[in-house]
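Each of the next two complexes has chain A plus one more chain, namely chain B in the first and chain C in the second.
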Partner chain A sequence: MRLQLEPGKAPKVSVRDALHGAALALLMIPASAQAQSAPSDRIDVTSLLYGEQGRTEVVEPVVRFTHLLPDGQSVSAQLAFDVITGASPSGALPSGTVQTRTSASGHVITSKAGQIPVAPFHDERVELEGTWHKPLNRLVSSDLGFHVSREKDYQSLGINAKVSTELMRRLLTVTVGGGVSHDTVFPTGGTPAGLSDGTVVNLGSNAKNVTNVLLGASRIVSRQWLVAVNGTETLERGYLTEPYKVISIMSHVNGTPIGELTDKRPSTRNRSAVLLSSVYHLSDDVLYTSYRYYWDTWSIRSHTIDLKYRHDLGDDSYIEPLLRYYQQSAASFYTVGFVEGATLPDFATSDYRLGRLRTITAGATYSFRPDFAAGEFTVRGQYMRQFGNSSPSNAIGIQRNFDLSPPVNIVAVVLGYSFDY
Partner chain B sequence: MIRMRRYLWRFIATAALLLAAGCATVQPWDRDLLAEKKMSLNPSPMLQAVDEHIYFSKEASMGGMDAGGGGCGCN
Partner chain C sequence: MQATALSAEREGTNDAPGLRRVDDYFIGEFHAMASPCTLLIDTDDRTEAAKCLAIASAEAIRIEQKFSRYRRDNIVYEINHAEGRPVVVDHETALLINYAATCYVMSDGLFDITSGVLRRVWTFDGGRKVPSRQSVEACLRHVGWPRVEWQNPVLTIPVGMEIDFGGIGKEYAVDRAAALIASRTQSSFVVNFGGDLYTAGLRRDGRTWAIGIDDPGRTGKSALYRLDVPKGGIATSGDARRFVQWRGKRLGHILNPKTGWPVDGAPRSITVFGRTCMEAGTLSTLAYLQGRGARQFLKQQGVQFWIV
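Coming up: the complex of A and B.
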């Protein structure tokens, strides 16, 4: 990616732009409200095609309908449908021999000797979201929303609200928001007891409640620079365990897996994040940067850096390369496995997503408005590579010979189409 | 952790004060560039939502962007 940073060069101002700005000033119309001056309806359609090498595949079409009203209000509804197939790591350790695993739904998958065992699965998910945006006065606006989602073994119902106000002659926007969600987990085949051999203790459902709050501020720094800081706090209570994951018990003699116990996680989790963002307008192009620091009560800390550079190819098209770097520490109860005879902890997981992890993402978005059709087409392609801890310190015996967290290669393509009518 | 949470809100409050205290003034007639859609913090919300969904299912972190959103059993 070649960045053409020219911070010292002031953007060119055309007569049209100057008149546009002056007209806005006379009318005291906030920048964000311009799009609302001409009420119309809008349809956005996206489709995600996602594939992990040798693991999960996802197809997710989404359609969003937005109706703009004359007084600045808008209502939108979004419907998404996910189809997820493939296999994901079960949490078990490789045995050095061929391993066969059968999922709760009867799918069978075989793992090669020395390969991380994976468990096959198939799921479908449907989600409906709705949002109502309403300006309360010239400087304050509100958003109310809800979501309903359902999959084979999980359901989520939630509402959220947000109020934004513009201060300091509209140089500063402060946002306060929050949401609650009541989720239900009903594992296929029943809920196993934590850290057990899989004994089912509950054939019904398990509750999980999520509450989150948001406080944010964005500030116009100069004619071409906008910065923001956001803080979120998410409280999760209830069944937070992954019912299909297991933890291997290793022979204390040679590290060979001799049994498995189920995953067990604490029933509370407080998650905090601070996000710093910047949008900088260069001569024509725009540079988006952000940094997020995250921490939670499971002792996970993470850093995320995100860069996007939008380069306009003309009035009707642009290309936007992107780079993202993510790094997290392991949860306090993450373990690669138990040694036979060891005292069991209160909580444990071998889910690599709760272990030490890095993700590098590179990709680009291309968007254009063709002559032959109304609307805007968008294509985004991304390549992700995840690196875990391949040689954890508590691996023993033959486990030291294996790559216990081989890199995960992921390709994600999003196709989008939007049009106003 | 309570101390960490206190730090979070102190940090947000301090950052918000710093943002508010900045002396830079941009007159309304100088906001032509800022008025462009591409100058918003999240110019492509649907693409952003897709990304958030992917990262939520593959990593242990979340948050920072918005309140609410659909839950899923993917993590």
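Coming up: the complex of A and C.
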């Protein structure tokens, strides 16, 4: 009887498994060697130190563990812990005299004359992420993931999935994916009504749901060149307002801030982005370039241009300088402040992050494998300078004398160590 | 003629184990089992690379000497020239025979280590000469694993029959060499003995070794696919180099021990990724033996494979 396999009917005993058992007996691999030839695991430890001049400081240690399985599967888990301290612009305008006010968290804040008022804060965030990568067949692979994060006034729970398939003799990879996240916002001291004097309307939590889909393709153009295009669409629904941000009311006489209203943003936001990227291998070095265009239903448009160049310094180290330019337009409801007596719009914010912004980043990564230890060390340094709209057209009176968005200097340092075992 | 002279010269130079640095890893080369053998090792330490290369070549040469059917001083010669007498084999040979017996059962007789005698009448030199029906039938009388008496560790084969580990020896050498190297180094490496290979783990930069599958129509000239596999064995069966032309068809060198004829309708080249090189090699050969059913067979095995 010949082995004629009927379509769709698996043999009673897997040939593969029978062979594997016989091969293992034959290979007589000693236990120690077998342990060493087991799939390698990897641990990455990084620590981010981030500082905005006179504002926020972030310390974020991250530990990532990756376990590789022999059939191409891998599982990884990442635990991150952030400590964020400092002060962030509250959205209020500077005044000619010392200002004092209380924040939602009960702190008393004072600002010097002419200075942008900031709200101090201290927050800690813990995030756990997991990913499971599994090849489904020789050309298709899937990734399943989740994340859980928690901080004093915010919680996020999410799952995501993606499938990649290789086409055209593996020269083209197409990826489709998506994720959902259910977030909860519970502002300290309760949720204030939007565009109000801070009257608390909700002592409980506010829901925010995020759905995103992504579609991407990468293509090997030649032995040296890989190009990719990625599109993402993110839908946010729910409480999208920043409860601690405020908008100043200016005196119509001289622009002096005479009061404040809370921030209020629409409860929907659709965000879209397209990323074009290219990786070009020169004889030894690698040039990475990318351009990203982003737009959303709040009328923010942004452009990001990224340039990286990896240069090997001998066998054990490389350096990778980076240059980035970022520019965004303001949200349609962004305002520097209200003039007293003006009709209030439906939505408004003075959060500088939704205003006109430009950021220039220069930095470098240096990676090396020292003689004294196994594994790879990485040091990444970045300097950013952020520019806003210093003299918005609707500033009046004394506000015209102030730099309403002085450039901010930001330094970020990442120290990393990874090793296989 | 020129090409032949050149390749002979190149093989000659490869006979001496050679180690050289390429980018951020070492390549060691030597010649064994009638094939060019290479070891890629992801280290910056030349001494470590040289040590692993020595292990790989020593193991390849040991297995070749012990199991080659072209030598007169080994166990295979002893078995094949026992003239019907029982032969007591050593533990390693016994396990290899057990493996072959498993292959025979699992392939329902298509994988048979006694089929080597058929090569007496077949010449796979790319020409058009096929043997007569009579000579094939004469050979088939000396083929058939069930006629062999195997009571571990005693093997008795009828007069006129032969056994041949050619179908599994190279893959076995790859796995053995890989296991020995893995017990001596933490570095990621690839053992490649004439296209049968084992890749051990990710490289230091987190990437896999780039392994190409050659276009069978243009051997060694272009890689059709690029494999990204982290750890395991890879082996290819096909008719790239050794074939015979018959009635406009190209028949590869893998013979069906039931008909005595080359397998018909099989793909040009079948590459399989398995947990070991032996698993990959045996599955690619078994798939090839299925002829047109190769793809279906591999799908049912649940392995990664590439068919050209």
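The rule we apply is simple: the second predicted complex is superposed on the first by the 374 of 421 C-alpha atoms of A that agree within 3 Å, B and C clash if a C-alpha of one lies under 4 Å from a C-alpha of the other, contacts with A are read in each partner's own complex, and residues count from 1 in each chain.
Operating definition for what follows: a residue touches a chain if its C-beta (ideal position, glycine included) is under 8 Å from a C-beta of that chain, and two chains touch if they have at least 3 such contacts.
A quick note: this is a predicted structure, and the numbers were derived from the prediction, not measured.
> I'd like to know which partner A:277 touches here: chain B for first, chain C for second, both or neither.
first
> Among the partners chain B and chain C, which is in contact with a greater number of residues of chain A?
The partner making contact with more of chain A's residues is B.
> Of the two partner chains, chain B (first) and chain C (second), which one does A:59 touch, if any: first, second, both, or neither?
After superposing on A, A:59 lies clear of both chain B and chain C.
> Using the superposition on chain A described above, determine whether A:413 touches chain B (first), chain C (second), both, or neither.
Neither partner.
> Could you tell me if A:195 is touching chain B, chain C, both of them or neither one (first, second, both, neither)?
It touches nothing on chain B or chain C.
> Given the touch rule stated above, what does A:169 touch, chain B (first), chain C (second), both, or neither?
The answer is both, since A:169 touches chain B and chain C.
> Which of the two partners, first being chain B and second being chain C, lies in contact with A:80: first, second, both, or neither?
first
> State whether A:183 touches chain B only (first), chain C only (second), both chains, or neither.
In the superposition, A:183 touches chain B alone.
> Residues on chain A in contact with chain B in one complex and with chain C in the other?
Shared contact residues on chain A (touching chain B in one complex, chain C in the other): 11, 13, 18, 20-22, 24-25, 28, 32, 34, 169-170.
> Using the touch definition from the top, list the residues of chain A that touch chain B in their complex.
So the residues of chain A touching chain B come out as 11, 13, 17-18, 20-22, 24-25, 28, 31-32, 34-35, 44, 46, 48, 50, 60, 62, 64, 80, 82, 84, 125, 127, 129, 145, 147, 149, 151, 153-154, 156, 158-162, 167-172, 174, 177-179, 181, 183, 185, 210, 212-215, 217-224, 226-234, 270-277, 279, 281, 286, 292, 294-298, 300, 302, 304, 310, 318, 326, 328, 331, 353-354, 357, 359, 365, 378, 380, 382, 384, 386, 408, 410, 412, 414, 416.
> Which residues, counting only chain C, touch chain A once they are in their complex?
Touch list, chain C to chain A: 24, 44, 92, 95-96, 98-99, 102-103, 105-110, 172, 175-176, 178-180, 182-183, 186, 188, 200-202, 204, 206, 224-226, 229-232, 258, 273-276, 278-279, 282-283, 286, 290, 293, 296-297, 300-306.
> Can you check the complex and tell me which residues of chain B touch chain A?
Against chain A, chain B makes touches at 1, 4-5, 8-9, 11-12, 15-16, 19-20, 22, 24-41, 44, 46-47, 49-51, 53-55, 58-75.
> Under the touch definition given earlier, write down the residues of chain A that touch chain C in their complex.
It comes out as residues 1-5, 7, 10-11, 13-16, 18-30, 32-34, 36-37, 39-40, 42, 68, 70-72, 135, 137-138, 169-170, 312, 315-316, 369, 374, 376, 420.
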